[in-house]
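Which chain is which? They are A, B and C, in the order written, and residues in each are numbered from 1.
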Amino acid sequence: MSSAVEAGPGASPDQPAAIAAINVTKRFPGVLANDAVDFCVWPGEVHTILGENGAGKSTLAAMLCGLYRPDEGHIERNGLPVRLRSPRDGLAHGIGMVHQHFRLVDRFTVAENVVLGDPDQTRILDYREIEKRVAEIGDQFGLPIDPRALISNLTVGQRQRVEIVKMLYRGADVLLLDEPTAVLTPPEVEALFTTVRSMTSEGKALVFISHKLGEVMEISDRVTVMRAGAVTGEVATSETNQRHLAELMVGRPVEVDTRRGSATTTDVAFTATGLTVLDAGQTVVDNVDITVHRGEIVGIAGVAGNGQRPLARALAGVIKPNKGRVTIGDNDVTGKGPKAARRAGLSFVPEDRLGTGLVPGLSLTDNMLLTRKRGFFVDRKSARAEIAASIDAYEIKTPGTEAEARNLSGGNSQKVLLARELAGLGESGGPQAIIVSSPTRGLDIGAAEFVRGLLHEARQRGAAVLIISEDLEEVRSLSDRMAVLYRGRIALEGRTDELPFESIGLAMAGVAEEETA
Amino acid sequence: MNDAVFVLTLAAAVGAAVPIALAALGELLAETSGVLNLGVEGMMLIGAVMAFQVGDATGSLWLALLVGSLAGALFSSIHAFLCVTLRANQIVSGLALVIFGTGLSTFIGKSIEGKPLDTDFTPIRWGFLADIPVLGPLLFDQDPMVYATIAIAIAITLYLNRTKAGLAVRAVGESPGTADTMGVAVAATRYVHVMLGGLLAGMAGAYLVLGQVPSWSQDGTTAGIGWIALALVVFASWRPLRVLLGAFLFGFARRANFWLQGEDWAPDIPAEFLSMLPYLLTIAVLVVWGSRDLRRRVGSPSALGVPYDRAER
Amino acid sequence: MIPFRFRLERRLERHWWQSVLTPLLSILAAFAAGAIFLLIKGFDPITVYRELFKASFTSKFGITDSLTIAVPLILTGLAAAVVFRMNIFNIGAEGQLYLGAIFGSWAGLALTGNLPTVLGVAVVLVAGAVGGALWAAPAAVFKAYFGTSEIITTLMLTFIALFLMRYLIFGSHSYWRDNEAANFPQGKKIPSSARFELWSDTRLHWGLVVAIAIAVLVWVIIRFTSLGYDMNVVGSSDAAARYSGIPVRRTVIMAILISGALGGLAGATEVAGRAYALDPNGLELGLGFTGIVVAALARYNPFAIILVATFLGGLRNAGVALQGLPGERVPVEVSLMLQGAILLFAIGGEIFTHHRLSVSRVAEAVAT
């Protein structure tokens, strides 16, 4: 397959590929994660692996960097077969991976993180020399960083820089970036792309893993598209477009925008006024006002860690706000706990699925009971009927109603959680409002469409929906009105179709802007 | 200071602190690598009974100490295997180690129970320094193991904070996934440090029967020191030098009856209540220093007690 | 290089027979390991094991004696199981048992003089449960409010309880001590109205029925009530409990108090059924610690606890019977050692009920 592909710009055909996967297959219990995949990158190019959640992108990347070993097939480096038994082997061969969830020790400094596990260091570490080198690399590739800073004090964007510096320090010239833009503000994305270009101009090979078509078109030279563990196409970006890539990714023509039909009423479903939350002396939610009307979807965007979690928890009664009030319908539920909020008609899908929304060690049946009213004895019979019906409706893959929640995959546990919290939403007797954190994270496109459909139906029935998500596209495509959260404050709010993209980006990055109310 | 009994008690407290400190330093190493080993008491008992047998048979203190330490390390490898390789619950495994260690050491030591050992560590006198009031008997007239313990604590501090290997250990305890990605062998690191912990616990047990009370008895020898050592690690915020300080405090609590019973002014407290002192102190220390928030702030290893599984990140 | 690769994979489905097979295999493995130590010490393991089983499980008196020890073991086993399954490690059932005995014997001495037997025993049991719960209370409160590790506090409280009990009998002329006894200090006997009735000519008493009834009660609470459900949720995830509005602190305290009460009950049944007095020598048997082994081996299932307690009770009994063997005496502690080994193998085996070992051939595609 790879022989059919022309060399990308910046690559010379007579040179061997910097890294290549030859016919690799990887199985996990019950899953064929990669099925006879071929993939290669030349020095000086950016090659994207594109695919939706669960398509096998991360598994392929994990094999390229030595985290997993292929069950069949092998990896080649500069045209020679290599056996990568661990990420250590990968690094020794100059292959470095920047994971979506950073691999940094929060309590360590930048310098300590950079030299961790480096076999070339002296037995007693010479931090002065290390710090000098880190600063040099930062200068060279446009990655300014203080080598003595503690990771826990850095922003997400800075941490990503540390990850890249770490790989460059160890001499990596093949870099794999797993969904690097997912956590960044638009200006940070631009800075990252500048760094990426400076690295390719030095002859480094970059593998970019993404499902965002716009970025893929912008940054990469070639794209390999994966679906259900197999490669469905390999194209040069100069010869394709977003729609074509989307079809390769999903396997059928897709509609890009699913929003609409305005049903907004003026009937207030729930409000927060002057909501302020302190955590360990720090203000994490700062004087936030939110109103959600019946029949309306409101979205809250923002980079992770800007107060989304405490905001959602304070609204749902899980934590007590230090100041301000929360009203659901006519009930003031401020600080009265989650049970009171539910009685007043508010459902809540928290950010952490397994562990907060679902109890890992309990059966699916018992998990349905978690947010239901319980008497002296628990009523498992009706819960079992409810989950059985949901398993069919949501196409949840599980051995049965008594399987432990921890044994479900991310997407399936998300479905169980949504089934419980969306049940009866907007119907008489059911909850009238819901807070949903990242409603479609971890779902494949089909399931995500299904969930969006449910939220829209509930909205049509008159339910009030508040979506909190780090995925800006998700917020923009789902909500009637939206707000941007920055350092616990509402930095920008307005009707979604009236807010310019640039202003949203700047608000997410905390650049002071006139409020477009 | 005219209070000779008090000074003698302080000097005795230094000796009593040695096994507590050694066991706690060992536990500190295991915990820094992310493995909680509640089996300290069991490892100490095994170290003690083996050391006593060797000491009894050969008369060589140092050989006995070596065998006791190695027995502790070997015994702790059970915990390493269960928790690192089989990813068992570390708490339950540690408890099992105590129960097995108690049973096995009693079984092995049946024939030597109550037998005295006629050899003992000789204190090192640092010339005129030993004649300084209070400080002399306290610091400059102690047996070699006291100085060895201090040296071990300093060595561990330097190891963890200055060396490449020490950085890797801390990373394994903080974030094994990160350490693994960066090429640190997580399982091997944990094995080594659990076993180093066992080595020091075995040494602590050996010192108890060789240096402190030169005889073996199952319930009298360790008397919960292994558990106190666990609390001490928390009290010391995982810092080796603070372990020494805390161990002295507990050593004093263990010897306080000696002082109080020798004083005219002291009320006549029943012996049983004086014996409760170290245990009450442990609870107090844990309540004050072991609170959840404080533990997080002062540096309890983030991945402590969590088995690492590469496939389930 | 080894051409095979071993890996533990999580089982998606579990079968009931796995949870029976694992404990059985671990018992066998422990006996095999114990045989090695017996051989080193110069005993014939086959003879020892044969005598061991003969002593505990073949004669009428052997079986009833095993069941007699099973009574406190069922209760300490339940004490461990109730909280261990929530990942709360009250390892102080031993101390709670002492306090149960102190409270129970006090109630027996002070309150039951004129009561009918059933009521008298009930008073002793309730007092014992209260004593055990009270002794667990500090650990519960410290854990719930400060996050203090209950593992160490409950154990420290055990040492303190031990010295307290010794003080009451050996160190003072307390209410519990029989001050008329001229020789060795001993506890005052409780009146017969506070004692369990014996079963015909054996040492077995009605405490067994009480212990079994309590096992059933514990099962009902855990399985069918909202309190049990809350305990399950808190045990699996604090965050989920807070999210759903379950009071985490109250549930944790409640669970530890129940556990303590069960430990105390074990002490009270010992007083009412066997010792008839606060008798440190008769109570310092490590029954609380063995409860941990019972619970773990029974995989925290109340009904399995009854069976395992009987088995380990027999093992403990046999230790004494082994003294009668010809030749050099086999130490009583052989049963203690076996217990520890059984627990270790059970923990090791536990992983295989959740995971399976997958063996695969390493791809030989690459020649390095």
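In this text, a residue touches a chain if its C-beta (ideal position, glycine included) is under 8 Å from a C-beta of that chain, and two chains touch if they have at least 3 such contacts.
Predicted, not measured: the structure shown is a model, and the values here were computed from it.
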Counting contacting C-beta pairs, the top-scoring chain pair is B-C
So the chain most remote from subunit B by C-alpha centre is A
Distance in whole angstrom between the CA centres of subunit A and subunit B is 45
Separation of the C-alpha centres, subunit A versus subunit C, in whole Å, is 47
Here the gap between subunit B and subunit C, centre to centre from mean Cα coordinates and rounded to Å, is 27
Where subunit A touches two or more other chains at once, the residues are none
Shared-interface residues of subunit C (touching two or more other chains) are 9-10
Residue numbers in subunit B touching two or more further chains are 311
Counting only contacts in the complex, subunit B reaches subunit C at residues 38, 78, 81-82, 86-89, 91-93, 95-97, 99-104, 106-108, 110, 223-224, 227, 230-231, 234, 270-273, 275-276, 279-280, 282-283, 286-287, 290-293, 295, 309, 311-312
Subunit C partner, complex, touching residues on subunit A are 29-30, 69-74, 81-83, 316-318, 337-339, 342, 348, 350, 352, 355-362, 366, 369-371, 374-378, 399, 403, 407
Interface with subunit A, subunit B side, in the complex: residues 162-165, 167-168, 170-171, 174-175, 177-185, 299, 302, 310-311
The subunit A residues in contact with subunit B across the complex are 28, 67, 86-88, 91-92, 97, 99, 103-108, 112-113, 115-119, 121-125, 166
Listed in rising order, subunit C residues that touch subunit B in their complex are 7-10, 37, 41, 84, 87, 89, 91, 138, 142, 146-149, 151-153, 155-157, 159-160, 163-164, 166-167, 170-172, 289, 292-293, 296, 331, 333-341, 343-344, 347-348, 350-351
